[in-house]
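First, the structure itself, so that you have it in front of you.
Chain nomenclature is as follows: A, B, C and D, assigned in order of appearance, with residue numbering initiated at 1 for each chain independently.
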Amino acid sequence: MQRIGILTGGGDCPGLNAVIRAAARTLIRDYDIDVVGIQLGFEGLLTKSCVALTLESIRGILPKGGTLLRTTNRGNPFEFPVGDGRCEDRSSTLIDNIHELGIDGVIAIGGDGTLKIAQRLCDMGIPMVAVPKTIDNDLAATDYTFGFHTAVAVATEAVDRLHTTAASHDRVMILEVMGRNAGWIALYAGIAGGADIILIPEIPYQPENIVKMVQGREREGANFDIIVVAEGAKRVGGQEAYLDKATRRLGGIAYQVAADIAEQIDLEIRVTVLGHVQRGGSPIAFDRILASRFGKAAADLVAQKKFGEMVAVRGDDIVSVPIRDAVSRPKYVDPDGNLVATARSLGISFGDGR
Amino acid sequence: MQRIGILTGGGDCPGLNAVIRAAARTLIRDYDIDVVGIQLGFEGLLTKSCVALTLESIRGILPKGGTLLRTTNRGNPFEFPVGDGRCEDRSSTLIDNIHELGIDGVIAIGGDGTLKIAQRLCDMGIPMVAVPKTIDNDLAATDYTFGFHTAVAVATEAVDRLHTTAASHDRVMILEVMGRNAGWIALYAGIAGGADIILIPEIPYQPENIVKMVQGREREGANFDIIVVAEGAKRVGGQEAYLDKATRRLGGIAYQVAADIAEQIDLEIRVTVLGHVQRGGSPIAFDRILASRFGKAAADLVAQKKFGEMVAVRGDDIVSVPIRDAVSRPKYVDPDGNLVATARSLGISFGDGR
Amino acid sequence: MQRIGILTGGGDCPGLNAVIRAAARTLIRDYDIDVVGIQLGFEGLLTKSCVALTLESIRGILPKGGTLLRTTNRGNPFEFPVGDGRCEDRSSTLIDNIHELGIDGVIAIGGDGTLKIAQRLCDMGIPMVAVPKTIDNDLAATDYTFGFHTAVAVATEAVDRLHTTAASHDRVMILEVMGRNAGWIALYAGIAGGADIILIPEIPYQPENIVKMVQGREREGANFDIIVVAEGAKRVGGQEAYLDKATRRLGGIAYQVAADIAEQIDLEIRVTVLGHVQRGGSPIAFDRILASRFGKAAADLVAQKKFGEMVAVRGDDIVSVPIRDAVSRPKYVDPDGNLVATARSLGISFGDGR
Amino acid sequence: MQRIGILTGGGDCPGLNAVIRAAARTLIRDYDIDVVGIQLGFEGLLTKSCVALTLESIRGILPKGGTLLRTTNRGNPFEFPVGDGRCEDRSSTLIDNIHELGIDGVIAIGGDGTLKIAQRLCDMGIPMVAVPKTIDNDLAATDYTFGFHTAVAVATEAVDRLHTTAASHDRVMILEVMGRNAGWIALYAGIAGGADIILIPEIPYQPENIVKMVQGREREGANFDIIVVAEGAKRVGGQEAYLDKATRRLGGIAYQVAADIAEQIDLEIRVTVLGHVQRGGSPIAFDRILASRFGKAAADLVAQKKFGEMVAVRGDDIVSVPIRDAVSRPKYVDPDGNLVATARSLGISFGDGR
């Protein structure tokens, strides 16, 4: 190995820079390998947008959000958009470019889409090592992904702030957080913030159960409610169309929930849609350490020529698993698991009538 | 003076508890006056919902958001809602109750509505002292109101977080903050966070100017934009009806702005609606000090029998002004003032084509 | 089981209230068991200082630092101080009191000292369940203890702040953090903050190695250094006596390190001693969730009559282990483990010349 | 004016980068003037260490602590150190260099030392504009200096964290903050955090008064105390020599206070020395705005050729004052002023027996 490329793909996630830094430092310092930053994800391999990563050029990036290498959702080389909604396979160009650039292997940091591309390229002979990235924490192969706990911290701080107002002013506060398919952020932030109701994709809700919970609490003297709702939360029987399409595309399920219950409750309702505030900014210490360990481990895998592998964390150990296995196993909240049970014991309702 | 009541009225604002604590401590310690907390604003004087405030009972409230005394928007004694949308004047009941409760004067902490009621009661012979409260900072009689800088801090942190993602991922990020009539929070948070575009009620915007700004920045190589929009921002010629009424009532002007520009720009747009996260939670140090000084000053006014006065800050001095004068003078952002000029020099657009 | 007591022992740790809340809620809601809060640790069982814990009385404590039940280091019933430096065994009084109070079992939340007392009482027939508490994370039986990640977050924020000044102003910044026997906080915060040198009890340092590191970095153009030192860090060959005793008792190893290197380096040195700032304040989301899960699990153990057990976390699972096993196995930083190796790959020196 | 230099001098202060950015942006965008960054304060004018500041090169620095231009305390051109403790006047070299570099004027951002040099250079014909910088806020010419409120925020967060532990665990917590000559940070953070005792240079303390306060609070049932002490706090009759010189040079008055009272009180004492954590890191929104307004105003002064002036804030207005006047007037805490009176009404002791 003489020269390794690093790329980041998909949406933002706090800790990307920490992975890049740790991988590059380890490759340079421990293995004397040149490191090249590939910009804009796999697209940078099609356009040969690269930049040398040196100890100097990566200085100071550890605490920073975003990614030094920038990224995009457009760069799938197997289905590269060429206008008019058409796509074509440019993987052979990509492979040619890798050789031309003298890149002997690639560390790909990304989510489901990126991992799948990495696996296909690996099958075609490109030495790939992967680092999983999903703010949603929905990957079975690893206990946690970096960035997730930062998103939870941001969402929890929002719940904390809503709490004091709700309690003083008799309000129902609805907080919409990320989680299109998996409700981990909502579940964690809801427990950590002491929410009253948590709505997640894995447990469809019925508006009447929310109303019952609100009314029950009123009877007990608690004239306020905090509802944390994942953007992918669904009513039993499927999401009805209250929101116009444009609003829905930008988030806004919280407005749906508000509409669902507004007529049956007396309390005033207020909505917060956190959006990308959860994805940006400086990672918390936990995520910086996890990301640094992932970066170091990815560099070690490269040096040991263990390609086709993805780094992961199990308990306090950093391990590796075949990328192939990882991409096929999403991790959803288990409605009968310990975490949901803990939430229920704390008095939290999931809007499912239990 | 033997017994003084304290009440809080209107929406939430970080620092209410700090005012209560400082006023109560000063009355008890310096003047040996009993202090009674009136719950739920003026409504508590109609229902005689009071609680003794002692050095012990107010311990630990300084850093807390919300108000120990709870509050509501319903308690106008001059127009008290009696069902069927009808109201009646219950001010004489209120005045009787004050006498029955042995209350010799009232410190009212609240916004425009609360101040107006306080003034009328003062005119009717009830000794009142006022402490201004508005998260929006839109009161001419005082340089600053407590809570405002906390709201700005929360909004600025959100801008900071959006910044890293926007820059790495080529996004337009729209952040909706509070400010129905005055754009102070948007202006401060926009400058502090380094926004590219700020939209406020005082400077109506034209969508084409936003689009021009976005395109101009793209030409200069900046493929992202941060837009901070006050909830009361308006298009030139008035707000058009994109949003259905229910959504608008809960906030959501950010979606309007997104719709205004979505078709003319290439970048993906993402929306955050901060909502009541700005009103709740622990006040920052600045606001705790200002609130403490206001509370102490209000107690001093009571002891000096300077009724009909409201506390205020000018530079580093705590002063008092007649409540009467204060309620009549809102403070809007001056489109030709130094702060807007500073923003323009920094390269910020207000969507007005200048 | 009809009535369960809960107590907290030893030093402060963010998350104690979250454990209390979760245990009490679970006992009351799921098992219909009365809950009694025992004040001041085991001492409260000698003085019968108890208070009923109800859903109402524990409201709002989740995000709060400290412990609702207050605590102390004095309450060992087997060696109770009776003046003149003498102690006596009051365990039979304690056991009598437990029966008189109608307490059928006790959940003890505490560190090494508390766990040992709990084990002895268990051996004497008192039904005990334990929840481990150590800010230092030095317990082998569990992957993590609550509070630790909050301490790391506080220390990391300090490193972040020191970084910008150090880099702009050519300074050596020494930050002293907690960790008398184990260096986990220093190691985590040092990695997360991007420290240059980390000094921990497990890896004795030699001042000349620190000087070499500083000089080496100067040659590479980095005119600043961040040193994170655990309070229990030691020189090779043992700690020499620079500090007078009074200072050392209050912390202050950072001054020792400063003295060790001051004469051989040109850069100015500045010291921060974080102290109890690391132990107090609101727990971060991670710790609130872990603490809540621990509390719930402890309540379940009580209901299942699994006494003599301590809750723990392994990976993402909450498990239980015999208290007996837990107290005998401290967890130190492994100088040859993955985390130290990651730090070394990142370029961090431990002052040991490697 | 064709080319303007900007330099930063003295210790670190959050907001330096925001001033640089605002001044440079205004000069470039509004006045079409070239901007040169002078590195390491006035020393950079002796060594001609300069770098062009462009819209591109200053991107992203707004939220960052430290200074892009780096700085030092060594660069006084009138007394430049030449080894062996000797100094010589190199001001004529500096002036020659300014001409050679084609610099038509200089914006100097700095504290007392920097301002005095700026004034002397101005007297010698160099067009200078000044921006005041002192974390300690001890300048009479301006209501506030940037950075001060950030330092207060950091110190207040520390007090908040100490509070929960102190209250749960019966401790005296001593927090040492900055303030060698003026006690503003201690006073603000002490009020904002709800301290019990504040010790500042302006009000000499007597240990027996601290002891009395601690004992008085114990009698009232408050078994804990928070003491905030400015590094320049003094005993009545002058500081006695408990601390060895090396410790004192690095801070550590908190240990002195601990020693002063340790024998007379029962409670355990714990010490935190915040140090440079107060000077570094991202400025809070308030300081970013003040710094941005200062930078913009300094650029306007340059364009208007108002040299020899320093920017300042009065109430909500940005004004300018002669540098000459500013350097001669420090601002100390007034022991009889409103802020100290507020603190006393809140129950805070200054250790002076009142």
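Keep in mind that, in the parts below, a residue touches a chain if its C-beta (ideal position, glycine included) is under 8 Å from a C-beta of that chain, and two chains touch if they have at least 3 such contacts.
Keep in mind it's a predicted model, so treat the numbers as computed, not measured.
Q: Any chains in contact with both chain A and chain B?
A: none
Q: Note down the smallest number of touching-chain steps it takes to go from chain A to chain D.
A: The fewest touching-chain steps linking chain A to chain D number 2.
Q: By CA centroid distance, what chain is farthest from chain B?
A: C
Q: Could you work out how far the Cα centre of chain C sits from that of chain D, in whole Å?
A: Each chain reduced to its C-alpha mean, chain C and chain D end up 34 Å apart.
Q: Indicate the whole-number Å distance between the mean C-alpha point of chain B and the mean C-alpha point of chain D.
A: 30
Q: Need the CA-centroid distance for the pair chain B / chain C, whole Å please.
A: The mean C-alpha positions of chain B and chain C differ by 40 Å.
Q: Can you list every residue of chain B that touches 2 or more other chains, as numbers and ranges?
A: 160, 163, 167
Q: Which pairs of chains touch one another in this structure?
A: A-B, A-C, B-D, C-D
Q: Over in the complex, which chain D residues touch chain B? Could you list them?
A: So the residues of chain D in touch with chain B come to 21-22, 25-26, 29-30, 55, 60, 62-63, 143, 149, 152-153, 155-156, 160, 163, 167, 188-189, 191-194, 282, 284-286, 288-289, 292-293, 296, 299, 314-318, 338-339, 341-342, 345-347.
Q: Contact residues on chain C for chain D in the complex?
A: By the definition above, chain C touches chain D via 11-12, 16, 64-67, 70-72, 154, 157-158, 160-171, 173, 243-244, 246-247, 250-252, 255, 258-259, 262, 269-281.
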